[in-house]
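Order of writing sets the labels: A, B, C and D. Residues in every chain begin at 1.
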Amino acid sequence: MCGIVGVISQQPVNQLLYDALLLLQHRGQDAAGIVTGSGSKLYMHKARGMVRDVFRTRNMRALPGDYGIGQVRYPTAGNAESEEEAQPFYVNAPFGLVLAHNGNLINAVALKRELFTNDHRHINTESDTEVLINVLAHEIERRTHGLPLSVDDIFAAVRAVHLRLRGSYAVVALIAGHGLLAFRDPFGIRPLCFGTAGESGEVMVASESVALEGTGYKFERDIAPGEAIFVDLQGRLHSEQCAAEPQRNPCIFEYVYLARPDSALDGVSVYRARLRMGETLAQRVISVLPPSEIDVVIPIPESSRPSAMQLAHRLGRPYREGFVKNRYVGRTFIMPGQAVRKKSVRQKLNAIGQEFAGRNVLLVDDSIVRGTTSREIVQMAREAGARKVYLASAAPPVRYPNIYGIDMPTASELVAHNRSVEEIRQIIGADVLIYQDLDAMKRVIREINPEIVEFEASCFDGCYIAGTLPPDEGKNRGEGVAPNTGRLSLQGAEEQGQLS
Amino acid sequence: MCGIVGVISQQPVNQLLYDALLLLQHRGQDAAGIVTGSGSKLYMHKARGMVRDVFRTRNMRALPGDYGIGQVRYPTAGNAESEEEAQPFYVNAPFGLVLAHNGNLINAVALKRELFTNDHRHINTESDTEVLINVLAHEIERRTHGLPLSVDDIFAAVRAVHLRLRGSYAVVALIAGHGLLAFRDPFGIRPLCFGTAGESGEVMVASESVALEGTGYKFERDIAPGEAIFVDLQGRLHSEQCAAEPQRNPCIFEYVYLARPDSALDGVSVYRARLRMGETLAQRVISVLPPSEIDVVIPIPESSRPSAMQLAHRLGRPYREGFVKNRYVGRTFIMPGQAVRKKSVRQKLNAIGQEFAGRNVLLVDDSIVRGTTSREIVQMAREAGARKVYLASAAPPVRYPNIYGIDMPTASELVAHNRSVEEIRQIIGADVLIYQDLDAMKRVIREINPEIVEFEASCFDGCYIAGTLPPDEGKNRGEGVAPNTGRLSLQGAEEQGQLS
Amino acid sequence: MCGIVGVISQQPVNQLLYDALLLLQHRGQDAAGIVTGSGSKLYMHKARGMVRDVFRTRNMRALPGDYGIGQVRYPTAGNAESEEEAQPFYVNAPFGLVLAHNGNLINAVALKRELFTNDHRHINTESDTEVLINVLAHEIERRTHGLPLSVDDIFAAVRAVHLRLRGSYAVVALIAGHGLLAFRDPFGIRPLCFGTAGESGEVMVASESVALEGTGYKFERDIAPGEAIFVDLQGRLHSEQCAAEPQRNPCIFEYVYLARPDSALDGVSVYRARLRMGETLAQRVISVLPPSEIDVVIPIPESSRPSAMQLAHRLGRPYREGFVKNRYVGRTFIMPGQAVRKKSVRQKLNAIGQEFAGRNVLLVDDSIVRGTTSREIVQMAREAGARKVYLASAAPPVRYPNIYGIDMPTASELVAHNRSVEEIRQIIGADVLIYQDLDAMKRVIREINPEIVEFEASCFDGCYIAGTLPPDEGKNRGEGVAPNTGRLSLQGAEEQGQLS
Amino acid sequence: MCGIVGVISQQPVNQLLYDALLLLQHRGQDAAGIVTGSGSKLYMHKARGMVRDVFRTRNMRALPGDYGIGQVRYPTAGNAESEEEAQPFYVNAPFGLVLAHNGNLINAVALKRELFTNDHRHINTESDTEVLINVLAHEIERRTHGLPLSVDDIFAAVRAVHLRLRGSYAVVALIAGHGLLAFRDPFGIRPLCFGTAGESGEVMVASESVALEGTGYKFERDIAPGEAIFVDLQGRLHSEQCAAEPQRNPCIFEYVYLARPDSALDGVSVYRARLRMGETLAQRVISVLPPSEIDVVIPIPESSRPSAMQLAHRLGRPYREGFVKNRYVGRTFIMPGQAVRKKSVRQKLNAIGQEFAGRNVLLVDDSIVRGTTSREIVQMAREAGARKVYLASAAPPVRYPNIYGIDMPTASELVAHNRSVEEIRQIIGADVLIYQDLDAMKRVIREINPEIVEFEASCFDGCYIAGTLPPDEGKNRGEGVAPNTGRLSLQGAEEQGQLS
């Protein structure tokens, strides 16, 4: 997963993009990058690391200009050998383009071959972002050969891009000297919205509404699936639907744990969605367990808190924060000739004994992926003195990998893959294990915004609406459906300066 | 405020001290330092910054050995001109000593003069820690002139130290080739406890019990006020009461917000103390405001949550987390010729509109110090649509500065200094303002551990049990009682390597 | 001025390029860059600074591959406001190209405009290297639209490039997955040669022969003016004359002080050229000053030593190294409220008193540019006790700026601009001032390689064989002929990683 | 070997000490350190590396004050396991002392034991400098117990120090709030001199006169063997002979290659000494080889140049610089799975073919230590076409290790150890090998300053005037006489800030 932002302003935008990336930092902690534009000149700095570490004063000074884009990228799950790159990417022809995206292309390998053979465009990395920018570049180039660039050309190019790409992509791009382009794949899998500030001409596009509000921008609306918007340097906004049959299928995992609770995506407050998931989960709990059997409801921090709170409320049982999260995370150093202390969930969480001692506790987590953390937490609860440990997951069983841009293990690593709930319960060691109901979850979120007809919920239902990876690539990565992630990172690297 | 840790092990301790400092990081983010010992050789690395930034692989490799101490230090409030130093400190005679402490000496200036005139001991910094280590060094030296060091000598020296020092101090120190010494001032103002691990000979001393438990150590007990413990390199533990009239007067602010909720200090679970404060605060709320007037109770993150939860429970009103904290904090860069975006509480907190809109909200904070943040938050709540905004403080009015090691503004900066609650309410802009009752708070904490007769609560009651600063120094720092903090930091500096 | 190198090998080339750049470091100390290729993938690291500082282990590890190019760049004379960039530059279409050059294009501004208007190629910097790579890219692209790249296409493209560019340029470039291209402008102003190693397929191209010999390569020959060579990944070398009327006009300043004495350029050993300049200078000295009036000949280190030695030999006077150069150069730090010690030539040179005391000394310098250093040195010689101070310059008067890639002040800063030798002598304060004779210098160098018909000697004679800057740009930079240097540097920057 | 400097000024001294250390950089490139004092406060920064790399702006800003000392240290030959430390060292009692030295104590181990047992002074490193400062501290402390410090106390302490230390030591030290102390061992093995600047009260002490002259100080005189000088903060200079039977025995190697040619040590201009060595070497050459057999005299850069020049002059043969030194030195990177290019003398030197081709060349080096470099150079000369290669060494055969502070291999690594000249010649591969005559060398240097009665020349004659290492320590390091160097370095470390 990644977070992206773009802005057109009449003021310097470096601090603004930096602040926005901090607000999106939860979407990616592996790498960060900013490109700014001043007139027709572009300035870039990108490197691996958190926003606060990547951007120093000297980097910020080297990012002048009043329009720009930025990105934060999630850690790469993939193999360490693979080459890694940070975003945004740059190509100098036509016009000078930079682009960052959130998502994952499933036909990147084929597109790369096509680009080289037909267009002699060299793709130097394994990143699907580099493929994406070159497809866009090529489509703009074909339409503008020797002619000035019009807004119609841009939208026509995006239309062609939609026809060539498969997968998920929410995109921000700059066209040097022209403006900011943003678009979203025809299924709207990854979120993208925009807002305005000031009296005129200040437009910001971002993955989540919290980036707008936290920087003083007023949320205007989500960008529709398939839609493109172009904002010129004067701040004039143009928009057009560029997909033939767009369909709103937002990724349901955003509501489960990816997005911040104070964001609203596709018309749905994430916080509200989580409260609702607490309610439907409560119904599932009641169907299995009399509330009187539960002494206390304890969330597993952080994102399960709203659901757990509402669940407790519905059950009429006390809600208590029995786990304290260790906020300051360090490293394990490899010392020659020195044993490495085993890292465990205990270095992230600490149980407050009195909330567990002698009680039947209902632990609530947002989801269960590998199951290893859940097992450790259940064990911790027992060691803290719990009599019975019940575990409820605010999400349904995660049974399938994600190929649309979420960093998730392969199928065989998922505890729920090919296992019954009872089998999972035994592995995790809980006395009772309760999962959310997928249909109920979809229903209550849809109630908040009835325009959402369907969700991208492939992790739960195995239905890959935007296509699957070709068999070869799948095999490479295990179980045939693992993603060619768009989150490949730049190894030990730092890139800065004017683009060259 | 600071966090300190010391350990005697039979294994390398660098990673262990690092992990323990991370668990104490909330007690000080300004600087960090570790000293390890191998045989009679000592190794140090200290620098300004957070633990994760101060210690890199190369630094950890240069910290071999199986015993050591560490410290994290709070940001300095003082003037930027003053020289700054990180802990621990080292003196090479007698025996080679390193020392770190948490607290503040109020007679440091007089001691420094005494040390130079009588003992020709040069104090090179403004840090009271350097004074403390030299007093200790001198007292050990006088007792061991040319003779081997005995445990009795050490405790005799600590006894003499208690007679010379005034103020608060919880201390860990290494004596090269001999072992780990820890002691606490006769009033026990700052916390200190120890635990053990393994079958024999693994002892850890730390500011808070969470550092023990989070690193796999078993909490044994608090070190008593005035008590000293000495653990030799084989792990044999010796202890002795070294103060004439020790008296347990722990700092009550630890329970309000300094310590982690999952720690227990002087026999009192911090979490439990906060729940109790929620209860007594509930009584105060009820006496002012019918619960029916309150639609929702909303904590101001982080440390007020347990109190707010319990308060809501007692009032029978819903508890909702209406504020989301921005976890990733960045900087404001000063760019030449570029306006600086005003930083405000909004960059730290975000309100979830639906929890405020049209409601009467009771906000709960752990304490109110300057009042500026509270005013902004009240304003945010109103802008989020709250009909009425009530504010409750889980601590009583903060009316006096702290001179025993808590970083706190001078009296004139405290919103409650010389002001009535009504005056404060007007400044803050709340519809109702409710403060904790000091006696009730003391009573409920004392109920958890009846051995605590009195608290150091000078911020609230102005009673300075361990003496006040001399008038001259007070004046320098404003209003006659400001501290010569023990938190002076090392300017732009990094120190590493063997001690030299 | 810059130094460039390119290599095709069957082994990793990162260390090899690094070593070669060190041997060319005298040609540019401002920035350094390396690009390597492995298969069709390219890896780059470039930054400001000396080679030893720019490349750390982590950077070298990120430069795998068995072919590559590198560059070192001279400090920029230009205005500090202008944007700066390091070399090499990259464009991804067609095929993926990287390029570095030594020289200066005088029609860069016009070309840039042309590239954007006709080809929509965005030039993001002020560097003429970026213009050059885009012209080359465009010329290759036009010839290969959708077709595989042939060697003929490459040479045809270079032929077209020669027609479009004006100025001086010695170029190394990589075509990803194809090989190494090198070419030299039709006047051969900047040097370029190549050599081979091993039994087959190891080819290195470099600015100076010393880079070949110092890395174990055998010098083969200079690349001819206008000639291009292309070496494919198997090491097969192709060459072709690509200019209509090539003419060998090497820059005469290379022999005066730019090149290393142990290099041979265009068939002329630099060391030998300098000895010869010493001989012709001796004739000029004799015509003015009886050798008996000279007690000792003292070179001003470093590059004047061979000339001075031969001059002394011819005069039959003792040669002594009366000045010691301070090898370790530091900085002057600006400290708040602290006076800055005046930096002078004395911090670079130290006189050995006994070689000056009571003597008539003939100082020999390689050339006199601004005259300020010469004046200081004459003064130092007098303070060291010299009775008479004569100064001889191994180069003729420098009267005009250089626009072909040498970092030189504008005309008005040159002490010899519009001044007679007597006027210059008075400014410098020497008792006698003797200059080299331009025709004699040309003659003796030409004698070493009679194929050289003419030299680029515009600094001395004002004759700009490859054209002058357009009036507008000239004006911008003072006196109508100042260069749009190809040495623009990357500000405070570091770029690394795979190209993106 | 090391370089040391100390200064008392009425102005900030950070830049001054930095500039002086640059002028002494040839005496040690491994580590550098500066301590400054302001009033009674001391500030330190030291780290491994060259001066230009160790001191950044932020470090210089943290070095305020108007008196100070500095040091540069030579690379450690010793084993990598041993702990390493940078200078200066600090102890806080009595008064606050910092100290740096050049030399080597041969009884450091015994002193360390004594210091711990009798005085409980902890020595935390293997550095003899830490021993030295503690001996000095102890001797000052005993004399001043509780009393103010007088100049007489200081000199009395130095007198006692002379009685306890064995070996070579030139020392600069600060006494916080009091002044600058400098002294030299009773044999005056390592050099030390002082100078003054301004009208009053500016005194600088340094290893070599060039540091004084290069920073604008006027050389006053050498400090005599056994003498101590003390300069108080007002610049008043006190001096006293503190040794019972001082004797001037300067290290003869300083004249051979350690010192800069533009320095004068113990009344002898190094440059002049080298010229003289050229003359005596000429006599040795003539006795073996008719000058007519020699076509050209070629120095091996750098320090042999004056001797070679004078030798050529005496022989009446041409002097030519046939080798060019590569000024820019880089590293060899260890790359996983990549062969390391063999480093050789060729990466440091390059031969100019025409000076060798077909000629009988006489190469002149300053000395021959291991012989490996000489062999390579002889080989290079042959490959460059020399007909005959004669080699002359301006120093006599190096047969014994140095234990007084010069970094030199153990006996078995010395090519001349237990070998005849003919055997050495065969190893090196020269056609003729000619060595300097030790007596002649001593004689001509003594002629320049007749006060020098004898030289420390143990490398040549095996006579260790200041004692030898105890057998145990010798054995550890091979062949019974290897040094416990005072040049132990701080590994990967950086220390800065106020002393603590």
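The definition used in the following text is that a residue touches a chain if its C-beta (ideal position, glycine included) is under 8 Å from a C-beta of that chain, and two chains touch if they have at least 3 such contacts.
In UniProt terms, the chains line up like this: A, B, C, D = Amidophosphoribosyltransferase.
Everything quoted here is computed from the prediction, not taken from an experiment.
Shared contacts of chain B and chain D, meaning chains that touch the two of them, come down to nothing at all. For chain B, the chain whose average C-alpha position is most distant is C. Inter-chain centre distance (chain B to chain C, centres taken as mean C-alpha positions): 61 Å.
If you average the Cα atoms of chain A and of chain C, the two centres end up 50 Å apart.
Averaged C-alpha coordinates put the centre of chain A at 37 Å from the centre of chain B.
For chain B, the set of residues that touch two or more other chains comprises 61.
Across the assembly, chains come into contact as A-B, A-C, B-D, C-D.
Only residues 40-42, 58, 61-62, 83, 85-86, 89-96, 118-125, 127, 130, 134, 137, 141, 144-146, 176, 490-500 of chain A touch chain C when the two sit together in their complex. Contacts from chain A toward chain B in the complex involve residues 11-12, 14-16, 18-19, 22-23, 25-26, 50-52, 55, 57, 60-61, 210, 213-214, 260-262, 269, 271-272, 305-306, 309, 313, 318-321, 324, 326-336, 338-341, 346-347, 350-352, 354-355.
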